[in-house]
Amino acid sequence: MATAPDGLAVEQVHVWRGDRHVLQGVSIDVHPRELVHISGPNGSGKTTLLRVISGLLRPEQGSVRWQGQSIVRSRTQYQAALAYAAHEPALKGDLTALENMRFAVGLKRRTSASELQAALDRTGAGGCADLPARVLSAGQRRRVSLARVLAMRASVWLLDEPYANLDAAGSAVVSQMLQDHVRDGGLALVVAHRDLSLDCAVRRLELKP
Amino acid sequence: MATAPDGLAVEQVHVWRGDRHVLQGVSIDVHPRELVHISGPNGSGKTTLLRVISGLLRPEQGSVRWQGQSIVRSRTQYQAALAYAAHEPALKGDLTALENMRFAVGLKRRTSASELQAALDRTGAGGCADLPARVLSAGQRRRVSLARVLAMRASVWLLDEPYANLDAAGSAVVSQMLQDHVRDGGLALVVAHRDLSLDCAVRRLELKP
Amino acid sequence: MWTWFYKLASPPYVYGVAAALMPWFLGFAAIAIGYGLIGGLVFAPPDYQQGDAFRIIYVHVPSAWMSEFVYTTMAVAGAIALIWRIKVGFAVAGASAPIGASFTLLALVTGSMWGKPMWGTYWAWDPRLTSELILLFLYVGVMSLRSAFEDPARGDRAAALLAIVGAVNIPIIHYSVVWWNSLHQAATVAKLGKPSIEGSMLWPLLSMFVGFMLFHGAVLCLRLQGEVLNRERQSAWVREAINS
Amino acid sequence: MSVGAWEAFFLVILREMRLSFRRPEQLLQPLVFFLIVTTLFPLGLNLQLSLLRDMAPGVLWVAALLSSLLSLDSLFKGDADDGTLEQLTLSGQSLTVIVAAKTVAHWLVTGIALVVVSPVVGTALGIPTSAFATMMLSLALGTLTLSWLGAIGAGLTIGVRRGNVLLSLIVLPLAMPLLIFGAGATDRAMSGTSVAGALYFLAALCVFTCTLAPFAATAALRITVE
Amino acid sequence: MSVGAWEAFFLVILREMRLSFRRPEQLLQPLVFFLIVTTLFPLGLNLQLSLLRDMAPGVLWVAALLSSLLSLDSLFKGDADDGTLEQLTLSGQSLTVIVAAKTVAHWLVTGIALVVVSPVVGTALGIPTSAFATMMLSLALGTLTLSWLGAIGAGLTIGVRRGNVLLSLIVLPLAMPLLIFGAGATDRAMSGTSVAGALYFLAALCVFTCTLAPFAATAALRITVE
């Protein structure tokens, strides 16, 4: 059994939800500088898989390993190297976009306001930095959550439909982000319903319904 | 001033949010058998416009008329003829998909379980009918909310990013729904970031940031 | 027919009127309160039972009355604003709440200062006292509801609605002494027919009351100006008023 | 095929009931809260039984107010959070009908249950059986009135963070007369004096609120929802 | 550049404070609730003053428990609803540190405020000045313990509708000993007997909860977050 001591290894993961056998033995190895595009029809278990890989959900069978170690064992180190953007942008409505970034990123690494602002500018949400998240539009929220991923400087990215709610300019930014991340040695698992046309190698993992 | 006695007339609508002048005098007439595609960058006020048209939000200036009457006056008749699908699918997590449909649609018109089930089948969410909405995937929820629009048999459709979270099959269903609705004499305003390639006339309303 | 009404209620007009009236209110308030204080503290004879302690009546009773009066103003202004969509009504209601809360607090504080010599305790759970405390809660509720909204327009409307609903309690506070037997003084002054209080005590008291009313008028004008300016800060006439 | 107001009313009541019964353990919660607050009291006081009997009506009523209030906080909040309140607003039915249905359903689920268990609590606190009828009737009137007041408060505090605290700040002062007359009636029934006055007052208050509160609550919702 | 546990602890405290102070008037609300609940009792009791003094410690403690409880309900709920709890869980920091920070912040915002206003309420209820020191000390210990107990309860009830009622079911029984000894201490201080025993017990309870509750609360959260 060849583990991937420098990457992420998902091994025979099984998950049942209610009566449904949602993940039926999913396996995949992902190395640094690799990007995996997870696709599949609605309800096929893409979000469930990402939650398993992030460690939020324990699979009934199978395991996830990071640098050769089970993520249950090395949870804190693994999660410190991880950035997860879920369906919902996970922003506190009463805090401004910048404050939201500060408290979420600040738990992973020391940052400065200017660095956070730069990340917001990069995703095109710079103008919203001082607005409470509650008043932002759907696309602006998505941009803030992507800026958070950027600012975390994590090596593992798990992105659940990062293109949702974004306009054309926003989509281009996401594609650029992904390319840069992979080029800089990161690895990413991205759920998307559309084709990713990126300038880097993209592996595809298709989940069956 | 030519009002549209058989359709929807948006006249010089202005909305301020905080210090931002979000809608700066938007006007559009929509007649039955017409479909308007509202587009524009993130944060340009598309959702705000739909909320104004639905009557949820009162514009600071300007008015919306339905069949020649201000929707403030004829609110209940107008809203009885309206179906609005917001960014969020608006489902009660503790109720099943079918129950959700039943209570939302039941306030507009008398329906039967089989009719609701047929609508769910049409959007491809038939299999989820008896699952509590809480456990549905993002795309399945979107499908249920679209089935609700279908089952309401409303003549005015306001859809906010109906394609979000849907897989290819789901997107095709939405396009088909829109075409049929327009062909049957309905009118629709649809917010979408991608091009709508429909088999019917599509007018475009582009909001500036 | 209503146009004159709306014109009267237009913000620039109200702003001007408030600015013009303020000094007059203030001046007459000073006179009335001056007479009341001198009459009450110097010329009125000490009470045969309470000695000089009773003199706190000259602050206590007018402020207690004002606490109810201001609440009523606030509710009425809120109702006008909600029903006829007259924005100045919200400004009046918004300006009134803190004033009324202050009068209520003053009545509570002076009352309990008076209570110590009279009843031997600062506070007793008597209906009148409790209902005055509840009035304070009502004011606090209205004020915190207003500020709980991000959007000031919504806060205004929500607070106005609450003020109207809460107005039901005003008669309850007023008649609490009648309905429950209580420690507190029953109506002595505000009784129909002959008041059961001596003239040399009564006149300064009434004068104090008038003075408090006028003073309230002055503060209301002042706060109203601020509220109107703040609400209309986008409009042309405010810019002019500030620049000139 | 359009839907009449009564039909809509019953449909919304059905919806609320369905939601409540979906988690049956939660139906019990206001009740258990009621039981716990009434037992907390004697515990905190460690005093003689005679004293306890004197304060029984007060404790009973305060517990009923608080437990009913705590569950009121979620009257519109859940619907506002998940977007279903918007759908209800846009249903083409009068919002007043919907608000009325939700409030009545709330009372059916919490108020009536309180009334039903009150004899148990009353016995524990030493209230004599002869006073039960008055106690239950006054509680029924009181909780219904409170549900209406709470609907206004809940409508006003949607979307406000920590709305539950603001809600109690708004509603409890309005509910004070209820408490005074409700506890008063039980007290009088215990001492055998006439209770008619207090009960009439409660009934009048209840009718008054039931007529006006639906409109106030609707207005409140309209203000906060948009 | 990785972030230490203490740093994370203070960052989370800062976050919670920022959230509380964003709406400063809301900080006052648990206080006002405390005041209102203490007002309710005398009203419900038909105002026999002698009675009131006897039950003052009980009323004070019940009000403190309830008001602290009411605000505990939102300890994790808000974060769970908007998805930020997931982000906190995935932050790479020990969840125990985060839970501890949130709980301490809760106590700093509500508990301390209650302790500070308790003399006002105490005076109104007729507690003599000589008993204030005991009252305040016991309240401080009690509210801190309660915040911890509440954190366990709040962790268990995330994701459950009408969480606040369930929360009180879980927490109130745990809080019984607090109430008995807390009100007992104040009672004894009022009658001039020795309070040391009750205070020691409270302090012991507080230390005990502060050591174990963080782990229990973390475990509770983990169970419900999955």
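Just so it is clear, A, B, C, D and E label the chains in written order, and each chain counts residues from 1 on its own.
As a convention for this text, a residue touches a chain if its C-beta (ideal position, glycine included) is under 8 Å from a C-beta of that chain, and two chains touch if they have at least 3 such contacts.
If you're wondering where the values come from, they're calculated on a predicted model, not measured in any experiment.
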Chain located farthest away, centre of chain D as origin (C-alpha): A
Label of the chain whose CA centroid is most distant from the centroid of chain E: B
Between C-D and B-D, the pair with more C-beta contacts: B-D
Between chain E and chain D, distance of the C-alpha-averaged centres to the nearest whole Å: 25
Euclidean distance of C-alpha centroids - chain A vs chain D, Å: 46
Distance between the centres, which are taken as Cα means, of chain C and chain B, whole angstrom: 50
Between chain A and chain E, centroid-to-centroid distance (C-alpha), Å: 37
Touching two or more other chains - residue numbers and ranges from chain C: 127, 130, 134, 137, 140, 144, 148
Where chain A touches two or more other chains, by residue: 94, 135
Two or more partner chains touched - positions in chain D: 19, 23, 78, 161, 166, 169, 172-173, 176, 180, 226
Touching residues on chain D, where the partner in the complex is chain E: 19, 23, 25-26, 29-30, 32-33, 36-37, 40-41, 43-47, 51, 54-55, 57-59, 61-62, 65-67, 70-71, 73-74, 78, 81, 161-162, 164-166, 168-169, 172-173, 176, 179-180, 183-184, 187
Chain D partner contacts - residues on chain C that touch it in the complex: 82, 127, 130-131, 134, 137-138, 140-141, 144-145, 148-149, 154, 157-158, 161-162, 164-166, 168-169, 172
Sites on chain D touched by chain B in the complex: 1-3, 8, 11-12, 14-15, 18-19, 22-23, 78-79, 82-84, 86-94, 225-226
In the complex with chain C, residue positions of chain D that touch it: 152, 156-157, 160, 166, 169-170, 172-174, 176-177, 180, 216, 219-220, 223-224, 226
Chain B-facing residues of chain A, complex: 17-18, 40-43, 46-47, 87, 124, 128, 131, 135-140, 142-143, 161, 164-171, 193
